[in-house]
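The structure under discussion appears below in the form of structure tokens.
A, B and C are the chain letters, set down in written order, and residue numbers restart from 1 in every chain.
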Amino acid sequence: MTIVENYFFELRNLTKNFGLTKVLNKIFLSFIEGDRVLIVGPNGSGKSTLIKILLGLLSKSSGEIMLEGKEVNRPPLFESSFLGHNSLLYAPLSVLENLKLLLRLRDGSEELNLILEEWSLLTQKNKLISELSKGNEWRAALAVVLNRTASFLYLDEPTTSLDQSGRELFLGNFNKIALNKKLTVIATHDVRGLAETINRVVVLKHGQVSKDIRGNFKEAQLSSLYLEACS
Amino acid sequence: MSELLLLLKKDFSIESRTKEVLVLILTMSLLLGTITAVGINSAFLSPGNLNLMFPTFLWLVFIFSSTLSISKSFEYEFRNDAIYGLLLSGTSSTKVYLSKLIANVVLSLIGQLVTFFVLVILANFTIPSILCELIIISALVALGFSAVSTILIPMSQTSKLKSMLLPLLLLPLLFPILFAGLELSAALFDSGKIDWGSSWISILLAFDVIYVALGVNLFEHVILD
Amino acid sequence: MEKFLFRNKVFEAILFILTFLSVLYANYLIFLVVPNERVMGPVQRIFYFHVGCAIATYFSVAILLMSALGHFSNKHFLWDILGKVAGEVALVFCLIVMITGMIWGHSAWNTWFRWEPRLVTFLILLLILLGLNLLRSFGDKDKIPNQAAVFSILAAINVPLVVFSVKILPKAAQLHPQVVQDRGLKDPSFVHAMIVSMIAMILLQFLLTWVAGKIELKKIERELNLT
């Protein structure tokens, strides 16, 4: 019996080549609203490339991308918020200036102060990004990406540069915010604390989807899925 | 519109803080202008000949000093992939292009004027009072220069040659406005006013309009893969 | 389009035969039929290749523009191959125009270069095409298709601007014997040879583009099969 789901976002037969290397090979993925997806896989399996194609930063080599039933060349960037290997912040501008620019907030607004407070950036707010430590730069980056009003959230290794308190801050915010997004996709090697939010796990190996499981997960299940994927 | 102002504020904040492009343009103009002036003085050009050749020196020094300096204007867009953060915040690539264009026009115009004064002072060039008209011609040339360079800078930054590829791509495309700048400023120094009906004005305007239009439409393809 | 471009063997065969015959005929006319030109003598014959290659270069640039527009319409990799080979062929033909122009010029005016419309235009075009080919050589491999297509459009639009601005440069510098426009060609065989050589060079340009494209395509297909 086929269950007809309301897929609002689909990848059909999607392939991505970089020169002659096939990084993603005939991927079929369909998303329903409220999907909170964890992507796991060994290094070089194509996780980052897949996320960049989903969010519209990278174009596909072949295949179809369907958004709300219509085929698109690439999804519009303004629908997505994303954080990958770079902080996406302007180095010569201060934390405050970056937040104001990228979140379109006014000087002295309450929202701005709340964000700075939440991410322990009040004392750092006038420091330039280039003057911050990596950990603080990453807090600023996460403050931006998690406070965007875009409907899709994409995260690629978001906790690599964070210390323990930063991780806890991230998880607390992530769990709250992911529940309000149409689609959340996170690729990470650190699956601790994600169990309460994730409702779908996709395993990527050699550019292909090797497992795609929906459901509620316990922390142990996520860990074993991750270990199995990377072995 | 307010978004464009926001972007312009960002570009001018970065430039006023780092001053990298400005310092490069000023230093390059001074350096290349000095070298040119040395050449002029060694040649012992008579005032008549100097007047004839002045537009050439002016535009050559400007083109070289600006081409070598302007690629810095995208330095912080690609550091930390900040430009993608900007696009993700909801700004269209068109507005990003326009704000970069305006910033580059202002910087190029400053470069042109500095070149002019350096050469006037060092080469003892006597000029009639045509500064206003010269600024107009310079602005039109700066617009064409910036329209093309703003599209080409991201291309050269991602290549193996980095900013050294920019002159190889940019200079061959600038001949129409180089000719126009030369002919119009020569006529200006000669007669003291601009002939608005001249074909060179048409070429300059056509170049500017065409390349800004192309830039607005093609910028996205240069930034996104 | 993807079934046809660089793959259609019938078109290839016809193109090859037509090119072979027209080049043969053109050479026959140029070297055996047309009489010596009164003023310049036998050296004037290089003029036919010079003009033919100039027209062929313009056709190549048009193909370049077409491949760029095609690339933006559907991103098929064949457009990128077409752009790559058209850029190379255009560069070769442009070089031939410059060299033949300088040889002819040296015989006519005893200088290697004169600032007259066609040579200046092609000198600028040469620099543009050099830039394009350098971009393809040194650019980021993944970004080249997009970037080269953008540059091709910028370059193709530049050509008419250059042609027009060179035309209105001060007349004192211009010295190109306007063989066709001003004095006209006295002997009808001159005109006939000129038209045939133009057609021959245009067909040669198409053939070279096709063959080069085929080689590129085979290279890619072989490497895709190996990986």
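By our rule, a residue touches a chain if its C-beta (ideal position, glycine included) is under 8 Å from a C-beta of that chain, and two chains touch if they have at least 3 such contacts.
Fair warning: this is a prediction, and the values are worked out from it, not measured in the lab.
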Central subunit by CA centre of mass proxy: B
Pair of chains joined by the greatest number of C-beta pairs in contact: B-C
Chain located farthest away, centre of subunit B as origin (C-alpha): A
Separation of subunit A from subunit B, taking each centre as the mean of its C-alpha atoms, in whole Å: 40
Length of the line joining the C-alpha centres of subunit A and subunit C, rounded to whole Å: 49
Subunit B and subunit C, separation of their C-alpha mean positions in angstrom: 31
Residue list for subunit C, restricted to those that touch at least two other chains: 142
Shared-contact residues (touching 2 or more other chains) in subunit B: 225
Where subunit A touches two or more other chains, by residue: 59
Touching residues (chain side subunit A, partner subunit B) in the complex: 55-59, 74, 77-78, 80-82, 84, 86-93, 97, 101-104, 128-129, 144, 148, 150
Of all residues in subunit B, those that touch subunit C in their complex: 148, 151-152, 155, 158-161, 165, 168-169, 171-173, 175-176, 179-180, 183, 199-200, 203, 206-207, 210-211, 214, 218, 221-222, 225
Interfacial residue positions of subunit B with respect to subunit A in the complex: 6, 10, 13-14, 17-18, 76, 79-82, 84-90, 224-225
Parts of subunit C lying in touch with subunit B, wherever the complex brings them together: 72, 124, 127-128, 130-131, 134-135, 138-140, 142-143, 146-147, 149-151, 153-155, 157-158, 161-162, 164-166, 168-170
